[in-house]
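The next part holds the structures, each set out as structure tokens.
Both of the next two complexes hold chain A, though its partner changes from chain B to chain C.
Coming up: the complex of A and B.
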């Protein structure tokens, strides 16, 4: 019988979901079995190629550890090591229980519902956000990765680049200053496409300087590695700025005058001086020798320097104030902080400034554009600190002062400006200017971008974001507030967590503290695996993986290639339903019906997913997930390009125009060089916190950058302790891939992937040899983690470095839970506001540890 | 005609995508890694370099493994690819001792990644492998026969790998070897590998 069946042999286009880079795939299926996953050569995002994680998805699809049926706990006691006593239930029972809980909460106070997700479920989480919005809760936590990414970096992405993230222009950049990111080396946004493009840049001669405590995957590919003490990148950047502006006088005056607020006049109160009539910020016109509103058409030139009198008051251009402000931050000042020799900082500043080629132009698509082939990259490594906001500000200003922002060769927003799909004009956004001339993003993944700042509210949310509008996404304060809402005057407790695919117990900080915050919450998890976070769940639903579900993945524009073509892929199931696994979007639609929220929900779907007439969802019909995706596609790409078209063709793409990629010269928006509005905002936050009786250090809300030591820096050298840091590797995504046996096999070969990098001399002083088991004890949490020493010359002597997020202990992860499969860095990090940068709510990710040889060597 | 490969260490980021795509393409069982990436560090802090070096069968023009094979299981195709006829292999593993690059693997008995739970992929894919024999990279011969490049070449994120004819001086790989100073591993052994590396 079987022999008579026609041989099935199909290639199915879809989209990867192992990280947030949304690479396009073609999946080879033979007689119902997936036999190969390849990159889709049509895609502009990854251009036919994949990273190891993308290729490895087969082994996650078919992992026998996967959750296949709905489960409920029988053990009422919850704990990180307490078996929940799972028993199988029907989908009907699961949904009845969930709907009853949700109904009760919605009646009482919908804010008691929390939504947790991560960036690898970027198709399901936004849909769940619409569910949460309709339900009436403002509480969400991108817990899997959000807090370990670029919280403050994303804030400056909005303020300076009108985008969530940035990448160097891979086609034209000639000098990449990389503060610890994995751009081009297997992590960060647009992983695969950027790996190709940055490799091309290396071959054509782009210089790459990596400033990083560890010679990790990013720094290995640099032409020069400059080891730096963790948490001091801001000091390095300040000294560079000082050298550029005060020693070398290298800056792009033309850019500063026309695209920043550098010429805006600042009074001695630190605020803009405004004209009496329109309240517009004033500038000084040196030709007419008088002040004028910044937008006055009669302006002949903008003064960047000098001191003037306006209405009898001292008035100085913001640029002058910045220059003055930077003077104390000399390379000699930075040397003992960073451990980088002053001469090196000076040399790098000079190289960077010279290579910016200020004044030069390039002709692209017949348009003469500024050519500034330098870019500064930083992310979690440099900004994941208590000093996140002010360090990030210093790092960002390097790009701004030389005018390398969103011009050929420079740093590009991902993706700040889109003129739309040519056939429909949809997917169109451009940065706009507000009344002060400052830029407002054209598109932002959350309901409102950080600028203009929202009203400072009291304890509306469970994560202080209501009070601190500068937090761009996920808040490092959530577990602190959740554990003790009364202290923060939050008038409710989180009662239920809708948990969409993140292992937050292992991916934020001290798992014991996280357990405390979450143990009394009724948790419903859409889960691929019974991972550590499901130990706190009450119901676990068998989630369809990215290879088993449908979605329009068009939204994650941060991973659309920065140059080349726009490209939007479909995600579709490549196999029939396995066991009882279901897509979260499907399930949410059923819950919408059970809760009677259809009308409001559809209205939000139409708005958030840009579903426009004649495809808008109407309340009198009930739509399946397939129908919603179909309508969205037709609304964006035209009647011909519905779901069926996408299922067959996989993707739609069209060329990017020069004015989309290099949009800055075409835009009339200005960005802050002086963050004038931070100060009054900080005063409002302080007033609110005082009113509520909450202690908050709001002193970092200031208009200009400086460097402040993290807690770990202040503990310097006590007990011969070291800094512990962690970093990303191309073989693993966060904590989610450690049960994949192919990735496990390649990780085992790399002694750094599962081990602990330690400087050879540092190890020798402690009697530690290569491969020894060592104990790393956290000074702030007292927790100890263990791993095998990987001795190297390529690490700062004061630092140990741990890759990714291994060290799993769930008994349901048969590959990942074995000894020696990496370490869970989070045990080292404390949960608490002392460890959070208040303006961005960034969690500090470097800690002081003592390192010793383990007593028992297994 | 002599098939060869150039691996550009300047492009390579050591991501191990080649290792994993080799596993997917050839459905090799646990412990059998026809392609591995190792790291090599040199220098003293702070002047340090670490490079990634992908390793696989070098398809030597003078293969030491072939000489020692008692059954003729190891043989060389006219295009230069060194191959193993599994039906002739008796698992003596002399070839493994002879290979100076440590690129041969013995599959004593068929194991599965999740022990007693073979995945559907493994149930289908492992039919291509025998127990008790030696296996290794064959430059994806079945793909070459279909006009495709080896899987590690086609998938490499950084396009670090170039495949072609070493005998043809006009081929891209011959040019890369000439222009970028391509070198072989252990040239002093006289094995004349068909894999060349370009300096990092």
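Coming up: the complex of A and C.
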């Protein structure tokens, strides 16, 4: 009898997939059932730690609300609240229907296919992108992040750090100026690893200053909180820059001369002055008293200041122009905009400048490197506005002028430089200089990094990204163009949406406008749940969750820790197949065969997944998903480290070298302090938009930063006297986690997670008390949402703050769709180009609202 | 065989069905090589993506080849592949015999081989973030 009780008892290594950080897991399985999830202490990414979302995955795996079989709608009417009339179909019928649709579209015009996905399906979406590329469409939308993407921040990540995102050096930073990010608190990149590392940095003595409208999950971990009016971070940064450069004269001259375009001579037309022979940008050598091409080996010194005559023209170094440009932006100018006292701005500028310790060095691995222990962080909060590009530029220049970019203590690109896996030399990339000496990223998630900019083309994509090459991420224009392609001279309409795991209806802006854009599209959804976006679907496929599927590697450049070790993991199924759930990658391979795309697809897989001989996919064979993953691992890590090795060991890691982490002193690339090419690019965009008859405000394509008010800032009526803002919390990711009972329980403990943060005095003036139900009415959309007031002194008095993407209404989400489970902020935001920063196509995310006590209190 | 010959020789192109395209340019007295070209990706709406067979002098560069294809398929293909400065767009990759070409000025032949397989990938800039 005892022998019959013998149990399977295993710990299986894999990776988390609830957000984009890809933390390493150990999953405890007993007799085929997952009973616990823990962090994997072997991983350099999260070092054994997990956030609430990570440990709660078991509840999503076994959620009885999961989609378990393929479904098709029977109700032809589509709407946000219209029951689709789901009926079960076989996989065969589903695939036949999908393949027939795809085949027709591919024959007619492949651009009519759209791919939507989310960053939490970081393994499936890149594979689906390969499918879409092969298919021949340029149209994709990472809609799960939607407006929560830090679009303009990613643009400057490419231009200044050769990376998608950045983090402070947790080992050496001493002063973190944090404009509203959740780094170190449970959101943002490398989430749990950085939470631990930032906590250690605090113990070590790092000061963390949070500039944020709300003393929320990010700011509450700081040493100092400075409340600021939403959308004015750029003004704060401009005033700081002015204090640093014009009042305190604190800047890193050596860094500016050798690693930026600060010494490049600028003419009165705003462009570089170039030498006649090679057309290279010129600098002024003060020792030889003459102009020289920036790369001239005879240069003895670079002038940063002064005014010169070159070829009869006035010529000034970019740095001189920047200093002059900043003079009007005094702390006194910024005070009424930001509501931060001028004295506070001066103090912070002084602290930041002093702590940068310009001129100091540190010895690491026997190398003497600059030591600049300050970093400026910002993401969605500061940049998610109409002024995204110019505000981001100001925030970025703070790090650049003190030389704290990619050096010990400073702001580090998330894996800008890799010397490769030692045993194979694969996974190797490094930033390079172009002809003008400016940096080009070595690795980028998309085929075209923002610099050098792509040619400005007509409206060949459904999101204006063909016309505006500076948009690096999710385009705020997509729903606008998709709803009316003729207006934008797009010569086709989207007919089909291949929808991989995002709930885009709730993650962009006004869901009613999103419904209008998507309701006439044939939508196939790979879905865990019948969420709000599936109300617009024609076919729903039962998706395998991250605990049920194999990945070709979920890691990407932003999931590795910025310091310590390189670490690449496996994502593998920890249970057998449940019901009829299948991984999207498996299904896409089946569709490749049905569409006769194997030869093209395999060539694309070899190219995009870096599968090299002898592991390349040969077109006369048909490979399973497991075989493709195995070949990729072997190609990257050698014959000994195929899929079976990874399944057993979970990860491979090796130490990062100083010249990988702190790569800037080793690099001959320069970054722009003066964004010279923005101006001619903007002129091209304007010319193209005028040619096509599209009204676009291209005035923000300018080389130096300034502050411009958001639409909400201009609207100043008594009726709409408050700003509503959105922020991220550690216990939910976008709109995809609200049906998880454990996360629901944790969220209920925190009165802000499902409530509306409002200043105590602001609430008192409106007769609102703690726990009262309140109504928030949007000025631009007219929509009203309801939630319970959570009173606090820790919020700017002009602001109400709403967490995450709650407020679900799908009848199939039995936990999430109850009253009081958060609010859907998106109902407050309008869809339209007036609310979009044109150069980055960022959606403005602060809105004016009326807040009042609800007449009916449950 | 010298590599300085003028571009005055006859080139012939066939699609996978063996149907000939009109000749586009003629090139000196160089030896001819068989070239098979195939397009992949975001280009299906402007070109035939089935394999294309050509005969070209082995002194031709990749730029000669791409220009020839642009001549065949017109402005739309030019716009999809080239910047205004005449360089390949960042999302275009050209491979010759499975090796990515570093420059359009590379020669198609090496004086030894009699055929070449060229793959032109046009990648879609679908967004991250």
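By definition in this document, the second predicted complex is superposed on the first by the 847 of 858 C-alpha atoms of A that agree within 3 Å, B and C clash if a C-alpha of one lies under 4 Å from a C-alpha of the other, contacts with A are read in each partner's own complex, and residues count from 1 in each chain.
The working rule: a contact is a pair of C-beta atoms (placed from the backbone, for glycine too) under 8 Å apart; a residue touches a chain by one contact, two chains touch by 3 or more.
Note that the structure is predicted; figures quoted are calculated from it, not measured.
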Chain B and chain C placed together on chain A: clash or fit? fit
**OP:** Identify the partner contact of A:164: answer first if only chain B is touched, second if only chain C is, both if each is, neither if none is.
**Re:** second
After superposition on the shared chain, which partner residues are touched by A:311: those of chain B (first), chain C (second), both, or neither?
neither
Between chain B and chain C, whom does A:745 touch in the aligned arrangement: first, second, both, or neither?
first
Ask   = Thinking of the overlay built on chain A, is A:202 touched by chain B (first), by chain C (second), by both, or by neither?
value = first
Across chain A, the partner (chain B or chain C) reaching more residues is B
For the superposed three-chain arrangement, angle chain B-chain A-chain C (C-alpha centres, nearest 10 degrees) equals 140
First, second, both or neither for A:75, with chain B first and chain C second | neither
Once superposed, chain B sits from chain C at a minimum Cα distance (Å) of 24
Note: overlapping chain A surface for chain B and chain C spans none
Interface with chain A, chain C side, in the complex: residues 40-45, 49, 79, 82-84, 89-91, 93, 98, 119, 121, 123-129
Chain B contacts chain A in the complex at 8, 10-11, 13-17, 19-21, 23-25, 27, 30-31, 33, 36-39, 41, 43-46, 48-52, 113-115, 117, 119-121, 123-125, 154-160
Touching chain B in the complex, chain A uses residues 30-39, 48-52, 54-56, 58-59, 62-65, 184-186, 191-192, 195-196, 198-200, 202-203, 215, 217, 220-221, 225-227, 730-731, 741-743, 745-746, 749-752, 759-761, 792-795, 797, 814-815
In the complex, the residues of chain A that touch chain C are 106, 109-111, 115, 119, 129, 132-142, 145, 149-151, 154, 164, 445-449, 452, 454-455, 457, 461, 463, 465, 471-475, 600, 603-604, 607-608, 613, 616
